[in-house]
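Order as written gives the chain letters A, B, C and D; numbering starts at 1 within each chain.
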Amino acid sequence: MSKHMPPAHPFDFDAWSEDAGDDKLHEECGVFGVTGVTDAANFVALGLHALQHRGQEAGGIVSYDPASGFNSARRFGYVRDNFTKQSLMETLPGALAIGHVRYSTAGSKGATQIRDVQPFFGEFSMGGAAIAHNGNITNADALRRELIERGSIFQSSSDSECIIHLMARSLQRKVPERMMDALRRVEGAFSVVAMTRTKLIGVRDPLGVRPLVIGRIGDEGWVLSSETCALDIIGADYLRDVEPGEMVVIEDGELKSLHPFVPAKPRFCIFEHVYFSRPDSIIGGRSVYETRRQIGVELAREAPVDADLVCPVPDSGTPAAIGFAHESGIPYGMGIIRNQYMGRTFIEPTEQIRNMGVRLKLNVNRALIEGKRVILVDDSVVRGTTSRKIKEMILDAGAAEVHFRIASPPTAWPCFYGVDTPQREKLLAATMSEEEMREHLAVDSLKFISLDGLYRAVGEVKGRDASCPQYCDACFSGDYPVAPTDMLEKGFQLKAAE
Amino acid sequence: MSKHMPPAHPFDFDAWSEDAGDDKLHEECGVFGVTGVTDAANFVALGLHALQHRGQEAGGIVSYDPASGFNSARRFGYVRDNFTKQSLMETLPGALAIGHVRYSTAGSKGATQIRDVQPFFGEFSMGGAAIAHNGNITNADALRRELIERGSIFQSSSDSECIIHLMARSLQRKVPERMMDALRRVEGAFSVVAMTRTKLIGVRDPLGVRPLVIGRIGDEGWVLSSETCALDIIGADYLRDVEPGEMVVIEDGELKSLHPFVPAKPRFCIFEHVYFSRPDSIIGGRSVYETRRQIGVELAREAPVDADLVCPVPDSGTPAAIGFAHESGIPYGMGIIRNQYMGRTFIEPTEQIRNMGVRLKLNVNRALIEGKRVILVDDSVVRGTTSRKIKEMILDAGAAEVHFRIASPPTAWPCFYGVDTPQREKLLAATMSEEEMREHLAVDSLKFISLDGLYRAVGEVKGRDASCPQYCDACFSGDYPVAPTDMLEKGFQLKAAE
Amino acid sequence: MSKHMPPAHPFDFDAWSEDAGDDKLHEECGVFGVTGVTDAANFVALGLHALQHRGQEAGGIVSYDPASGFNSARRFGYVRDNFTKQSLMETLPGALAIGHVRYSTAGSKGATQIRDVQPFFGEFSMGGAAIAHNGNITNADALRRELIERGSIFQSSSDSECIIHLMARSLQRKVPERMMDALRRVEGAFSVVAMTRTKLIGVRDPLGVRPLVIGRIGDEGWVLSSETCALDIIGADYLRDVEPGEMVVIEDGELKSLHPFVPAKPRFCIFEHVYFSRPDSIIGGRSVYETRRQIGVELAREAPVDADLVCPVPDSGTPAAIGFAHESGIPYGMGIIRNQYMGRTFIEPTEQIRNMGVRLKLNVNRALIEGKRVILVDDSVVRGTTSRKIKEMILDAGAAEVHFRIASPPTAWPCFYGVDTPQREKLLAATMSEEEMREHLAVDSLKFISLDGLYRAVGEVKGRDASCPQYCDACFSGDYPVAPTDMLEKGFQLKAAE
Amino acid sequence: MSKHMPPAHPFDFDAWSEDAGDDKLHEECGVFGVTGVTDAANFVALGLHALQHRGQEAGGIVSYDPASGFNSARRFGYVRDNFTKQSLMETLPGALAIGHVRYSTAGSKGATQIRDVQPFFGEFSMGGAAIAHNGNITNADALRRELIERGSIFQSSSDSECIIHLMARSLQRKVPERMMDALRRVEGAFSVVAMTRTKLIGVRDPLGVRPLVIGRIGDEGWVLSSETCALDIIGADYLRDVEPGEMVVIEDGELKSLHPFVPAKPRFCIFEHVYFSRPDSIIGGRSVYETRRQIGVELAREAPVDADLVCPVPDSGTPAAIGFAHESGIPYGMGIIRNQYMGRTFIEPTEQIRNMGVRLKLNVNRALIEGKRVILVDDSVVRGTTSRKIKEMILDAGAAEVHFRIASPPTAWPCFYGVDTPQREKLLAATMSEEEMREHLAVDSLKFISLDGLYRAVGEVKGRDASCPQYCDACFSGDYPVAPTDMLEKGFQLKAAE
């Protein structure tokens, strides 16, 4: 008399975690800074809460107060669970503060330790500075070796720590000049928010790969943030983006703009539009929600299909599904219901647990799906594991047909600019054609938006300029705007080399 | 030189909590039981996770194993945070287990204590039993007084504890008979899941106010659950509902059906369709999602308005908004974005903090809203505080007009059958007409679905049978199917008395 | 190349715990109550801290305040770690409070649960009462069966819970009368401190086995405590002992004395003098320290030996060692040093870990011991495991001879009156003669004080009155003043039956 | 009708903490290292537990394992509460490990942060090293300024971090040579235990102010420890002390001895004998217990008094009291009883709370004291606050006379070599003569041992050699063997300058 057995390890922590992420690319960081307000750290905490989707593993805040100097707190876990406690926030006084949320550093050998959590702080001969970094330094290994040889002691496994050591060794006296010195040695993508006792500083790399915006709050407050949604939460007004290659230094209520780098044609990360940024953010003057909806419209034009229902894979596929439904005239419906009691965690080591995760987080709305030809709209396919699982759920529920429409081109190349991607061989699109993927997923049809279609959706009416692309789209095209120095040294093969 | 001040107490715990709830009615409990499977407690944990929306404050599981007897664990917080730990789950062995999630008991004088968390356990002269109760006993005060007079010692402030004391004093020997004895003394609404060393028992009150369904898992496994979505998560098949007034006793793989009460016409809670139940659940043979979508359709017919955008108040207003958009032909869009890093907590003591809460949880998708005439579809209006705040957010974002469409009739009466409602004077609809509410909220229009429209949406094509309503709709109509004995004693005025 | 291996499991929690206890008898409880002071719970916390040696596993406090009613807090761990927190103590307002510290109930089937921690509270038809019990009810099993049969629901595995259920069922209306009713049904040893909304109540069983004293604080404050050392810590004055068989009821600043039981000849526990009580307490008018020192004097007279050093086994052997050294003229010295960073915990499941424990807690003062003939003075020998280990340490350090002198007679019988004792077969003296024990321990000599010598040390100049002993000395004599009903039913053999 | 009020803030954490310490000098650190054993970190944990009296605030362990590299754990709190957990210890594999316990660094501006907890780790160009430091660097401020100027980034406020930065910048390649380079720049007192991947290293400063001993365990295991009592706990054999100015490098089971410093006449800290070290340790070939007992003998000769009882202030005054009683022939007795449930914590900010602390920790054995002329033997008088409080307790208990005998000379100067001392003006002996102190304490007599008497007790039969003292006794004499560079810069006045 055999009993029904539960799934293996149904209660491992990881089995409960969300896995929207497991089959997604992940932004590694969000940065935020504010000056000229009372209890600045409180604003930073709110801002980081709004940026939590950019990094959910840990967060940190540094503030400066003339009476007690620099103070910092770094914690694992969600902002709302740590930086909401009066007892903690009282240790972070002052009118100037910066903060950081992080996912995890690709380069770390193992689990993140608290010493890897930013902002990093350094005391220099003319005073101290704290920095928070979004992006990835592609020559960090080489820089670290050089700095250790000269006697620097690293405290973390983070590539971002190089910046503060380079600053400490700069022959310049003042922090902005030290930072210029340091960042000129750095290759890769970076949006940095930094602070001294009196200054709030923001910098973007010359290509402007990662976002950074400027906001105003009250008469004399200034804000720097990865996204505009974090301005909204504190009631700040969006002023403009920090420009690619620009350094802004805010002091005594005034902003000074510097341009310390050799100018270059901007290459903003197009995946910020597809997935990373929040739909209520404005990037480069464009609504992320509207862009995603427009991707759905383009998809419906590029890859129409006769069906009964357009159904988003929640939550990131929703705007594109709305656009697809509108353009196609096929009814929109919630065929998949998300359990809102799952956090958006990504610590899932095995494929088996990942697969189980889907059942914990998502359930099929059987009554809606049954007997219907369903178009599932998702934002991307990375490993394909989640897509296969969702397809099975839909078919188990009695769908007549399943058609996948993907709101991004096939993800075939890893990102080295601050996004966590699997090794290339684990990317489904790196080893299979679209038709092979369709067979692998065993669906009735599978279509990705074209690269040109994606460019049109972000407003480039003529599509992608192949000779000089308007965005960084390396994850789709393999066209890397900055050479991945450390990775090449480790044997990574560029497209040209294939 | 004055600085911009942060909102008062921006980091109070409560300010971070979700408040979709604060202005909602809340289900107080979910119950789940399973027998005939290996490691039954693991299944219960999964089931409770799927029922978390019915009670998020605390949860408990009792299991029985011949080697170690009855074991129990009761914890505050989410199921996923407690009942996922291998170390805890290993203390709950056995093939038979029941569980409970709770919100909070209206009758409690203060904060819930762990001793108030169900299931409750009692050792009787012929063996022990554990019970988990969803509902509310309307004569609990009277019963408690009587039991104390006779020498019973209560350990909790929960009305549900009366049941176990009545069972302890029953002159019957066996647990099912003791339970019949006890429940015949009880007035009100109850769906009870109970267990002995060998039996899994389910009961619904004669009116069947609260839901309870039966599922099968594997060859010999049986499941009892508040909703079908909790069958889905463990891969169980939905068999049928426990009928109003029915007691099912499952032992040795067999189910016996008993009918211990005087028969009555069923009065299932209509608000389960409107808000409490998960959209992917099937209630009384009807899809909750489809019912809600149909409410939107009815609303569009009853209260059409010329506008540019149909926008749900996330997440509970979404299905009705989809239905409204479909019926009206006005485009559907996500004008309000929900921060997914908020839990669904309800512990917000003051209106000021509640209002702030909205900003933490919701943000306007300004680019979509700007300049548009917006129809906002929400599930209900309780105090009206959230509605007013949302309206302000929408107008601040530049909407041209704001029209509220509410997917339930005005909530004018408190529930005494297991739902947490504010005192009657705090219900907006108890003191204002629809037009007064519109003025109070200062919106361009405000329309609630009619009671008949709601009944049509749940499939009663002729609408509500006023002489003998098909559902319990006391919160809208003031027509209480069971006399609220304790409340009447405390001075509550019935509608007839007004 | 073999490496030196660490001891097995050197870091198990238990290996770190103190084991002075492991080879000792343990008092199970301390009780304390106070009325007529501001913030009574604070005084109770201080009192329980002073009584911590009587029970270190858990503690609880109940207070009453007219505004908020009865409040309680029960916690595992030391008083100083729990009842020192302002946030917790603020939940225990009022001028009347009682408390309890406990070791663990012999009768519990497994680990103590928080519901086993006293004081217990019951709400009766005329108001509530809380009780804290030191002692053991020898007919608890029979009472529990009877109460369950009648419909009482037990919440704990504690024998003390019987008292509150008996009170709930009493036909009397007032709490003192209900308590008399209840305690007349109870057999065994008990010192009870109880409270209602207005009364502080103390009772001792007719034999007065366990201690209970009365103190005064300020003009109108009254205190009840297991020992006088807990009066000292709050600055209260010792008034007198509660007499055997007496019930005191303190209300409105007045004490009333009642005698509800059939009078009996007192039989106070003589082991309280030997080990349980703190040396700075006064029991029955006698200084515990002076009694212990006098035991050493008697031992030096009864069992002299030629040696170079009198060395106490710290800390409980110290007063007797001082007396022995003084009487014998042999120098006193600290040959064994105690690591003060060990708590006095007793949770050591295996003999192996117990043995290791000694090394963690005690170290030999090698320079003092080397080459000397050493007299080790200890308070008792229970299993003999610690004694053997200590002997080895002393010999390893180079002692020429080791002579044990034990400040109590051989412990040959278990206690059933509120003291945790191993099963009889694990008591070394139950199975061996003094000479066999000496051989077992492999020491040069081993002498216990005689029963008469012990009686002389507590002031009975003629020694023990065999026909009618002045104390309960069952653990030495097997002469049980109250029949151990439950244990006899389980097959325990009295001395007469051997 | 006024109620008796509890003492102000009776439940502040600090009020519960021990204060033996508050009026004592405190050792700041203990260090321990082991190589050539399986699971070395376990031995380190045991060793640190035995050294806990040298630093109770925090502890850390670093281990090296070829498979996983360097691993570390640093925690606040007692060793037994942190480094006993299997889960933590499993993260510290390997046959080589070092550890550190700390009190708190005098130089720190505020509360210790976890980053201040040693061992410190640095990765150099030829491999990494971890160091644990006991002592104090008297030119740390100057060194830190210089290092920051050159681009080093400090992570802690600890003076010990200078050593690792100096090592990182050394032009030498190998770690021992880098360490020599670094330590030659360092002034002050230091006993350092360090490790690389293969070496265990120990160093003492040229004067040998702080202790460090060498032990053997098994055939190939080596141990370095601050005191011998930590050898005992792991069953290691004491080999010899690391000599003043010696560096030992242990690798592959062999010890090499180096002498990198200019030789100097040793000046071991005499206060280690008086108070810091555990009585069961052997220092410089002398038993600490015997030295303390001998101090009591000298005191009895230097300052006899007619009395009835010699009573130690527990626990540190005990050996001297035993010696005093023996020499004087006056009976020894425990007039003050220590509550063993107090930890030995020192975090007491105010004098008021300190005074209250005494009542929580100590109680008078009234029956013994009453009517007697009492000699109280204590180890030292720092601020005098505890002494005054104890005197009051003794008099309240009815003592006829109170005579203080102090087992050290008056403490009139702060220590700058690794001991936490109050500022000079808070030292009672810095501002009062012996007679003024007697009046201040209001006792019948007060006598300190003479400096010569102390030297005799440590075996210098001719007493102190004033021209070239055999020990560092700066706290008594103001004769500082190493110039306190940083303190002089901050304005500290040497004795000659007075």
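One rule holds in what follows: contacts are C-beta pairs under 8 Å (C-beta built on N, C-alpha and C of every residue); 3 or more make two chains touch, one makes a residue touch a chain.
The UniProt protein names, listed by chain, are A, B, C, D = Amidophosphoribosyltransferase.
Quantities reported herein were computed from a predicted structural model and do not represent experimental measurements.
Contacts with chain A and chain D are shared by no chain at all.
Common partners of chain A and chain B, by the touch rule above, are absent.
Annotation: the chain B:chain C pair of sequence copies touches via predominantly the same residues, more than half of the used numbers being shared. Most remote chain with respect to chain D, judged by CA-atom centres, is B. Centre-to-centre separation of chain A and chain C, using mean CA positions: 62 Å.
Separation between the centroids of chain B and chain C, computed from CA atoms only, is 51 Å. Distance from the chain C centre to the chain D centre is 36 Å, each centre being the mean of its Cα atoms. Among the residues of chain C, none is in touch with two or more other chains.
Inter-chain contacts, as defined above, occur between A-B, A-D, B-C, C-D. Across the interface of their complex, chain C is touched by residues 115, 122-125, 148-155, 164-165, 168-169 of chain B.
Residues 1-6, 10-13, 15-16, 36-39, 42-43, 45-46, 49-50, 52-53, 56, 78-80, 83-86, 89, 95, 217-221, 229, 232-235, 278-280, 282, 287, 289-290, 293, 315, 318-319, 322, 326, 331-334, 337, 339-344, 359-360, 363-368 of chain D are the ones that touch chain C when the two sit in their complex.
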